[in-house]
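Scrolling down, you'll hit the structures one after another.
There are two complexes below, and they share subunit A, which is joined by subunit B in the first and by subunit C in the second.
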Partner chain A sequence: MSYFADLYATYVRVYLAAETQYRAANAIWLIGIVLEPLIYLSVWSAVAATQGGEVAGFTPGDFAAYYLVLTLVNQLTSDWHMWEFQYRVQLGHFAFLLIRPVHPIHGDIAENLAHKIAMQVVLVPALGLLALAFRPHFATNFESLVLFVPALAFAFALRFAFEWMVALACFWTTRVMAVNRAYFMVLLFLSGQVAPLEILPGWLAAIANALPFRFMIAFPVEVALGRLPVNEILDGLALQAVWTAACVALLALLWPAALRRFASVGG
Partner chain B sequence: MGAPAISVEKLAKTYLVPVREAGLRAALVSLFRRESRRVTAVDAIGFSVEPGEVVGFLGPNGAGKTTTLKMLSGLLHPTDGEAHVLGHVPWRREHAFLQRITLVMGQRNQLIWDIPVADSMERNRAIYGLDRARYRRVLDELVELLELGSLLERPVRNLSLGERMKCELAVALLHEPQMLFLDEPTIGVDVTMQRRIREFIADYNRRTGATVLLTSHYMADVEALCRRVIVIHHGRILFDGLLAALVASFASHKTVSVQIAGEIPDLSGYGEVVSRDGERVALRVPKAETPKVTARLLADLPISDLVVEDPPIEEVIERVFAAESVP
Partner chain C sequence: MRGALRIVWTFAKLGFQNEAAYRANFWIQIFESLVNVGSAVAAVSLVFTRTESLAGWRPPELVALLGIYFAVYGAIHVVIAPSLMKFMEDVRQGTLDFMLTKPADSQLLVSTSEIRVWKLVDFALGAGILAYGVAGLSERIGPLELLGFAIALAAGVAIVYAFWLLLATLAFWFVRLENLLMIFWNTYQAARWPVGIYPRWLRISLTAIVPVALAVTVPAEALAGRLTFANLALVCGVAVTLLAVSRWFWLRGLQRYSGASA
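Take a look at the complex of A and B:
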């Protein structure tokens, strides 16, 4: 087995073992993961009801489908390591990450994968129950479902690289939490979480389309729901690829700078 | 002799530390005008360590020990100066360098908290790319030497501090590093466990020929492990040499203990009485006068036993810090 295949397999196995220790915690995480989109779903369904059954073409069934898929996509693309960076530096855990002959991002990716695998055990049944309660209306097609796979993979890679990059701010400021919060506010509005980007005012939708955040969450959701024609999906995938490559390149540039910074101020 | 394991020349590290007075006013001022000052943690130090040596790095808190250790293990970039460890410039963090060193910090741990120790071992096996046969062999050795036995199957959170420290050492040594940086490896651990860990480190050094740079506040660690010590204070090296030479040059007094049969007379004329326990009296005597005083004691009094000892190493080190000059 090659070095990295063994490394990832071992990491995932070890972290999965840790995940099984956190069953109660994962059940609580589930509430957070499900509750927020549920609130938006309820609000938009209520708005649709008062506006004669739909908002900008979205019926309550469309909203239900949108938010169920969004919950899944949001969970599958999310990562929590950016919240850990501050502690890593403050508590000196970073020293152990740097003393090892492998880039720490691999451990984080693997830990993320292990957490995702463990979470599906509770998330998928929860989404099933919500589907029964909210009666989503799916109008997807075969091409869309096939293209959802690369869209989701790119969304994960892009979001992971972007958030790891934001987290490196902890080497320049001791209050990286503030930076993280600012990022999550932007993400909330521009990634289709508060509302589907299609129903945003034109200027805001234009901003969202020009930035990478849509491609982290909303785009794969739109693809899965069959709301985009194939040519638009392909354009979107190309843009995702460009954003991901740009982020990875920037991360590769920033990492040595962050290390130099760490090495000069200590930790 | 070949190349040294560690060579350090004029190595220096200054930190830029923000300064601000306490209180709200100062806090508000600092929003607009930040002040900082340079603090020299390590001030142009130089030394070299031969392969296989065990060197004790001594100094009070804030002396620059950990900063030096961090520079030599590649975590910190020096402000000035040069260092080579196993032929590498540490802060370049080359793969071949990281494969050959390890760092153990008594106050921090790299084991994964919630799962058995064996899982953390397995993770490090993959990180260091150890083949299974070699991993098995090294792990078995470590389990035997450190008497880890059933500890491997227990979650880290259920281990006592001493047990955890033994496991920390084991996980840090799986890749058979040739250079060990041990930053207070016995801190907070009970005396028996301290001795175990100490014996293990000495044995590991003998068997593998690995070089060890160790900091500790426990002089027992230093006495048991290090023939040579480097004393650092305010970022500068005050002493670098054999532990015995440190005691010889800094201990100004010796302790003369006598056992006297019958009533004990006033002994203050011979030296400062530091303790008295039944028939046994301990006197603190200036080193130069020790032969004369012992001769007088033996001539004047019905002495049944007499022992001359160096003062405890703690006391010697204290004198070094107080003197702050290289003899």
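Take a look at the complex of A and C:
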């Protein structure tokens, strides 16, 4: 165990040092992270305004709270490595990762954590300013905030494992950009980003509840906002655990098969 | 003018010949465009399951706006983005010399040198959605609205182009600009919805700092029959100013370029 603790400490230290080179880039990423939820927040606030102040029980203040927390959860659970996989395979970068004596996923997780830490320096103040501009209405409770911690951790693990699995597609096809885009569109609708899941039409909400995407973003947001009773939160955590275990198991199965497909040209 | 058209036509033919070699890309492009456009239409219909109008926009008007969004998006991807990104790479590698030695206006050459014909799919889908939205409008569109639409759209495209040229010209001073282009891609998605829905401070920055919102909303206003003369004048004024400023900036940048070849 201390082996992994050492490994991660070293990795995170190295990547954090690398992060400090690109501080301006982080400010630009911030626009992307914040603007998309802001667009849907504006859309739904406008809808609420035309519908006499609320949509399905959401007031503009509720939407503001929902989308501010969603922005944070989306950033904390996100990962960009699936966009890099194509180049790793096409340009043979995987060769360097594979000769290290640890599974390459650990390096990615550590790099992700380092980026998240560096990103909070700009994200948290930005969210503070947005809270001033949009006046969110929070009505959460203590248990919900406590249970938000495991819900967020599971959401990160599940999303990371799932997206790493999707990224493995690049060992079989060179068209992974199309695969990635299609995945992100599904995620957009079924993880509560376009609209809170309660607002979706019944059939779509049913699909969203049956699939893992809800547990990557929407579920921790609903927990943090105190929108779910404790027993539903516990059920959700159990489902998150099941989905995460299933993804990790599938990833472990696919990884050796993917590696057998990899050939790199040295020189 | 004739010469300029001939240059663009030649680049277009070259672009087609280059891309015809990769026909599978056409199908991938169709898939990606359908995913993109499909999700945007789905988001709009989702909103209209909960309301009859969004900040005064009825469903067919918003569909028309979406069509304009994708048509402009297609135009950016067909010629503006690939050409100017190639230009930025040329500055980095010193290969811009080959462009500058040609006997035609350098701004025209770098702005049209790379044409991606498969990206016309986005443009075609956008035009299709636009036609569908227009067909659903209850009022007939008169010649005056059509004229307003044409002027506003031309001004909108000019704004987007001039903005890209401004960003790209920075390549004469700074070497790495990919992240700066991200500012454009990130803010352009906000133009999918009428600017009226955004809070004041956001509307002002979308209009003044990154003038993308105007490019899409104002032409759609013309089709919806609520274009005010003030807005049309604003969009034309911004277009002319930006074109002039970006031209001036381009010439300034060009003076700074010293070539990087041996």
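Definition applied: the second predicted complex is superposed on the first by the 261 of 267 C-alpha atoms of A that agree within 3 Å, B and C clash if a C-alpha of one lies under 4 Å from a C-alpha of the other, contacts with A are read in each partner's own complex, and residues count from 1 in each chain.
We adopt the following convention: contacts are C-beta pairs under 8 Å (C-beta built on N, C-alpha and C of every residue); 3 or more make two chains touch, one makes a residue touch a chain.
Keep in mind it's a predicted model, so treat the numbers as computed, not measured.
Applying the stated contact rule after C-alpha superposition, one finds that A:Ala182 touches subunit C and leaves subunit B untouched.
Shared-chain residue A:Val47: touches subunit C; no touch with subunit B. Residue contacts after overlaying the shared chain place A:Ala195 against subunit C, while subunit B stays out of touching range. By the touch criterion defined above, A:Ile39 reaches subunit C but does not reach subunit B. In the superposition on chain A, contact of A:Glu84 is made with neither subunit B nor subunit C. Of the two partner chains, subunit B is the only one that A:Tyr3 touches; subunit C does not reach it. Of the two partner chains placed by the overlay, only subunit C lies in contact with A:Trp29; subunit B stays clear of it.
Annotation: subunit A has no residue touching subunit B in one complex and subunit C in the other.
Residues 3, 6-7, 9-11, 13-14, 17-18, 21-22, 91-93, 95-96, 98-102, 259-260, 262-267 of subunit A are the ones that touch subunit B when the two sit in their complex.
Put simply, subunit A touches subunit C in their complex at residues 24-25, 28-29, 31-32, 35-36, 38-39, 42-47, 49-51, 55-56, 133-134, 175, 177-178, 181-182, 185, 188-189, 194-195, 199-201.
Every residue of subunit B that touches subunit A in the complex is listed here, in rising order: 15-16, 67, 70, 73-77, 91, 93, 95, 98-99, 101-103, 105, 108, 110, 112, 114-116, 119-120, 122-123, 125-129, 155. Per the touch definition, subunit C reaches subunit A in the complex via residues 28, 31-32, 35-36, 38-39, 42-43, 46-47, 49-55, 179-180, 182-183, 185-187, 189-190, 192-193, 196-199, 201-202.
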